[in-house]
C-alpha cells in the first residue's frame, strides 16, 4: 500500500448526519485517516468532536480559516492531503475556495454551493490550482449505477428516448424545522440552503444521476415547485419536465413530503432497444428489459459485469453492499487521483470516476433554472456548459 | 337469480383483442349472455365471428345500424338489454348515440369518443334517455383500487398533496402500424384514434384512475408530448404536470415506447398523514405508508378490507385475481344498475360503482387540453364539469 | 365453434368455495354450460342453488344417484357430457364411479379420493370406460408452470438435483372447525377428508406440481407431521424430505397454520445448469437463474414462451391472469379431450395437458406413505406406478 | 472516545475473502486498529500482506505461535487487545487456544472448530480465562434480525410453532476445488473443513440464526445430506427436519449447488399470533404477518424499532446498510465487552449481544448430529447444552 492519505474535516460536529457518513466512508478501506478538523462554529463543540474522534487536540481547530492556515504551515509529511467539507450549503464555497487556495485537494458534499457565480469561480479555481475536487454525489458510487452507465455507453439500450427519475422522501412532511431538528432547519432556510429546498437537497442528486448514467445534456425544462408545509420558505416538492439535446425527454420528480417513504431514488431509462431500472433502496440490482426476450436482473459482484462495476465492489454477490460503500467509492477514486497527482503519474481510469466540480456547477445551474421556470410559469432554456466542462 | 341479461356487441371481430376481453368479462359470472353482434364492417367476417361464438345467424348483423333497428323491433323478452361497443374510438359516438336512441343501455370501451362535442352530446343523451352507460375504465374495477379510494375517503391519508401516476408500455416502440398490426394501425391513426395517441389510449386510463381514487379535480396542466417512432402521426409518449383544485400537485407520465415494459400502470398518492402505492401488474396488493409506524400491505380478499373492496372480489386471498375479474366488475355493476332500472328499484351502492359517461367526457377533455398545452408550449387551464357531472 | 358442452355438478351448494370456482372456470370461455346439478345432500339447498344458477328445476336433483340415472336416460342431445365433482373428499370415489359407469366423463376436485384402493379402482374404471377424467390440480394450469415444465424438458436446467416446494397457508391457525366454518369442518375431519389434513388438502397440490414440472419420480420420503391446533384430529403442518429416482433430493413443506400467509405455493428447482423459481401468488412470473449470466424473468404472454405456455393464456403480457384462468385451462383442455373422444379424432397435444386419474392416485399414495413415515418415525419407500400410469 | 483497540489477525493473506471482510468491518467505526498479523503459513505471503496493510514489519509474523508469544511480551500499551482468527476451520481451535492462554480476547470466524471435544475445551478455556470470545455469525449482526428477536421475545408472534430456514448458494455447483479455487479447496476438504461441507460452512449460520431469533432449543433432527458434484468428499446440499423442545417444528435446508443463487439466507418463523420473514439479500426489511390485519413491513432505521435494532444501525432509513455493517456490529459489541472487561465495569446490554463460544459449540454439535443422522438414515436426538451454556 502506498501511504495512508491524511484528511481534515470542516463541519460534521456532534449529531451531524452527513459528517459521520463521510468518516465511515473514508475509514472503510483503511487507506486514509482523519487527522484534523474544524467541526463546528462553536469552538467547544468542535473540540469535543475532535476528542470523540481521538484527534490530536492541536489539530482540532476553532475555525476553518485557522485550520487552512495551520495545516498549510505544517511540514508536508504531516499536513493533510485534502479537506472534506460537510457544512451546510452556504459555506461550501468559502471553505472550498480557502483550502484550494491553500493548496489542498477537496472532497465536498453536495450541492456544490448556492449560486452559479460561486460555482463557476470554483470551476476556475480547481483548474488553476490543478487540484482534485470531488463532489459527493454518492449515488453514482454504486456499482450497479456504474453498470447502468456502461450498458448505455455500450449501446445496449439503443438511442435514448425517455428518462424518468424520481427521488422521494417523507422526512420533511411536517414542520420539523420548527421542532429543533438541526438537519431540517438549515435545509429549509434559504440563507443556508440556497434557492432550492428539495430541489437543492435531492433534486441535484437526481439530476446528477441522470447525467452520469445517460450522458444526456439538458436543453430545456419546465418546473412546478410546491411548498406543502406551512411557514416553510423553500420548495418541499418539485416536478420537472425535461428536454435533452438530441430529442430525448424526461420527468424528474422529487419530494420530501412523501409520508413514510424513506430514500427512494429510482431511475428508469428507455432507449430504442431496451430499458433499465435501478432503485437506490435495492442498490445491488439493475433490471434490463428487452423487446424480444426475458428481462434480465443484473446483480452486483458477478463476473458478467463491466469492469467499471466490478472495480467498485468489495464483496461477492449476495453479500449486500450499501450506502457507505458507494460513498467510499467516491473517496477511494478521488484519493487515487490525488495520489496520481502527487506522484505525477497518469491516474487509472477508475481514479477519474467521481463527480467533479463541473458536475456540481451543472447541479447549481439546474436548481436555478428550475426556480426560474417555476417563477415564470413555463418552459425555460437549460443548456449549460460550465467552465472547464 | 334474476334472469340472465342479453347483450349484443359492436366490433370485436376475429383477432380483435379487446372484444374478446369484453366477452370473457361478461361471461365470468354466468349472468349475462351474448346473443347478437355486428362484429365487423366486413359482413363475412362479422358472420364468421358470430358463428365462432355460436350465435343465431339471424342475429349476426352486417352493420350496427341493422342491429340497432332489428333488435329494437324484437319482443322485449328476446331483444338485447344492452350493447357493448368495442370498435375503434372514432365509431364510439355514432354507435352509442344510435343504441341510446333505440332505447338500449350501453357499455362502451374507452376513450368515450374523439371530440368534446360528441362527449357532451352523449352525456345529455344518456340523461334524457335515462339509460345506463358504463365506460370500461377497467382498472377502477380492481378491488384494491376500490380499497385505495375507500382509504382516501376515510381520510386515512389526510389532506392529499401529491399524485404520481405512470402508465408505461413498450409494444409501440417500433413502427408496428407499418407491419400490418391491426391494433397498432388504428391506435396511431388520427382519423380513428382521435387527437391523442398514447394520451388517448392509456393516458385516459391514468387520468381516470387518479380521479377515481383521489376525487381530486384538475385545475391546470402542462404537457410535453413526443413521437419517437418515425412517421407516426400521434404522440407515443406524454408527460404532464398536473395541478388540482385545492392545491395538490401531480405528475402523469405515459409511454408506449418503454421497451420491454408490459402494462405497468402505477399510482402513488401522498397525503399529509400517509401514502399509498398500487401497481396494476400486482393488482391484489396495495401498500400504505405511515409517518410513524411500519408500512402496511393490504391484500385482496381479506376481512379487514372496506365493503367496496370485499364486494368486488370472487376468491379468497392469495388466489390471484386479474384483469378479467376487474373488467367483469364493470359489467356486473352496470348490469346491476340496468336490472334496477328495469325493475324500477333503487340500485345498491355497488351497482353505481362503474365509470360513467361523465367520466368519459372528462377523459376526452383531458386529452384535448393536454394536446393544446403541448401545442402552446406551456400551462393551460384544465378545470371542467361535463353536462350532468 | 363446435357445440357448447353440457355439464352437471355434484356438490357446490350455497357457500361452498370450490364449487363456485369450478363454475367460474367453466364459464370463462363461454364454451360449456352448467345444465344439471345435485348441489347438496339437503334437497332444499340443492334446489335453491339450482334456482340461483337459473337451472331447469327438472335437472336439479336431490341426490347424485338420481342425477346419474336421469341424465343417462335423457336423449344424447340433451344429457350432460360430463360431471364436475366438488364434494368433500370422501364422496369423490362413489360419485366418480357412478358417473363413469353411467358413461359420463368426469372432472373431479382433488384429492382424488381417500384410499389407495379406491384410487386404483378409479384408474381401472377410467381405462375400461375409455372416459376422460381430469383432476383439478389447478396450479398446473398456470402458463408459467407450463413454461417451467417446458424449460426442464428442453434441458435448460441440466440434470435436476434439488427441488424445494413450499405451500403455506394460515387460515387454519385457529380452531375454525369449532366455530361453524364448513370448509374447515370437513377438511379437519378424518371421516370426510381422509388420513391427511394439510397433507391431503395442499400437500397433494405440492406433490403434483413437482411431478408436473420436473417429471421426477419419488423413491423415498421421510415425513414429520404436526397438529398444532388443539383437538384437531389431522395434521395441519407437514415437512417431508424427498428422494427421487436418479438421485435428486427435495424438501416438501406444507402448512395451514402459517399465520397471515395466504396461499403461498412456491417451487424452486435446481439443476446442474440453472435454477427456476415460481410463486403462485405472482403466477405470471417465472425466474430462471444461470451460472454465468444475469437471471431472467420470464413473463406470461410474451412471444418468447414455449407453445405450451402461449397456448394457455388469454391476455397480453402485463394484463394479469389469475387462479380462475389457470383453473379454466384444466376445464378447457379436458373439454378438448372429450370433444375429440366424441368425434373419434386424435386430440391436440393441448387437449391431453391436464392432471389425470393416475396423477390423482399418485397423490393419494403420497399422502398415505407420508402418514406411514410419520407413524414409523423414519424413511419409507415411496416409489409407485398406478394402474395405467 | 476511549482509546482505539488494537488487534492482530491470523489468516487473511492475499486473496482470502473473509479476512478482508473482517478488516473492513473492524475499520468501519474507526475505533479499532489492525497492528499485527500472521497472515499466511507462507512467510513471504504473510510479510507481503502486512506491507500491503501498512503494518510495522516487526509485527508481521511468520507463524501465529510467534505472534502470540511476541505480542504477549510487548508492554500493555502496545500489545494487541485481541486476535481475529480467519484461517480455515481446522486451525481455529489451535489458534484460539494459544491466544486465550496468552491472555488475549478472541474474535473467531465460524464454524468454531471441527470437533465437539475442541469446542467444549474452548468453552471451558474462555470461562477460565475470563476472556471475551466472539464468533462471527455475522448474520445476527443485522438490525432487522435483532428486531425479529425482539418481536419474538415480546411475544408478538405468540407461541412459536414452525421455523423454516433456507440458506442457498450456487458457487459450488461445479468442481471449483479442482480448478485452483482456494476458497473452494479447503471448504470441500474434510481435513481442513471438518465433517460438514455446506453443513459446516453455511448450515451453522442457519442454525445460529434460528437460535438467535427464536431462542428455541433443538431436541431432535433428521438429516439428508447429498454430494452432487463428482469427486467431492463433503456434502454440498443438506436438508434437515428439526424438532424443538416445547413442540415447535422446523425445516433447515442449505445448498451450495443452487445454480445462480447468490447468498440467499432466509428465515420464516410462524407463531400462534403472527409470522415473520427475513431475507439476508434484503437485510433492511422484516415482514410481519398478522391473522387479522395487513402485514407490516418493518424497515431498518425507523423510530418504531426496538432499541436493540436501533442501536445496531449507523444510517437513516432508506440508506442501505449491508453485510459489512452487520459484521461490524459483532466487532463493535465484542469490543465494548472487552473495554468493559478492561475497565472492570458492567458491560452495556449491547456489548453482550454477539455470538459466543457456546453458540459455536452448539453449531459444531449440530453439524455432527446431522452427519450422524444422515449416516444412520433417520432421526437422532439433538438436545445439547455446552459447558457454560
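Which chain is which? They are A, B, C and D, in the order written, and residues in each are numbered from 1.
By our rule, a residue touches a chain if its C-beta (ideal position, glycine included) is under 8 Å from a C-beta of that chain, and two chains touch if they have at least 3 such contacts.
All values reported here derive from a predicted model rather than from experimental measurement.
Novice: With respect to inter-chain C-beta contacts, which pair, C-D or A-C, contains the greater number?
Specialist: C-D
Novice: Specify the chain most distant from chain D by Cα centroid.
Specialist: Of all chains, B has its centre farthest from that of chain D.
Novice: Just curious, how far off is chain C from chain A if you go by their C-alpha centres, in Å?
Specialist: 55
Novice: Provide the C-alpha centroid distance between chain B and chain C, rounded to the nearest whole angstrom.
Specialist: 35
Novice: I'd like the Å distance between the centres of chain C and chain D, where a centre is the mean of that chain's Cα atoms.
Specialist: Computed from C-alpha means, the inter-chain centre distance equals 43 Å.
Novice: Among all residues of chain D, which ones touch two or more of the remaining chains?
Specialist: Those would be 261, 288, 295, 299.
Novice: Given the complex with chain D, which residues does chain A contribute to the contact?
Specialist: 1, 3-4, 17, 20-21, 23-24, 27-30, 34, 51-54, 169, 171, 261-264, 280-284, 299, 301, 314-325
Novice: So in the complex, which bits of chain B are touching chain A?
Specialist: Interface residues on the chain B side: 157-158, 161-162, 164, 166, 168, 170, 173-174, 222, 224, 226, 228, 237, 239, 241, 243, 247, 249-251, 253, 255, 257-261, 268, 270-275, 288-291, 295, 377-379.
Novice: Sort out for me which residues of chain B touch chain D in the complex.
Specialist: Spelled out, the residues of chain B in touch with chain D are 288, 292-299, 302-304.
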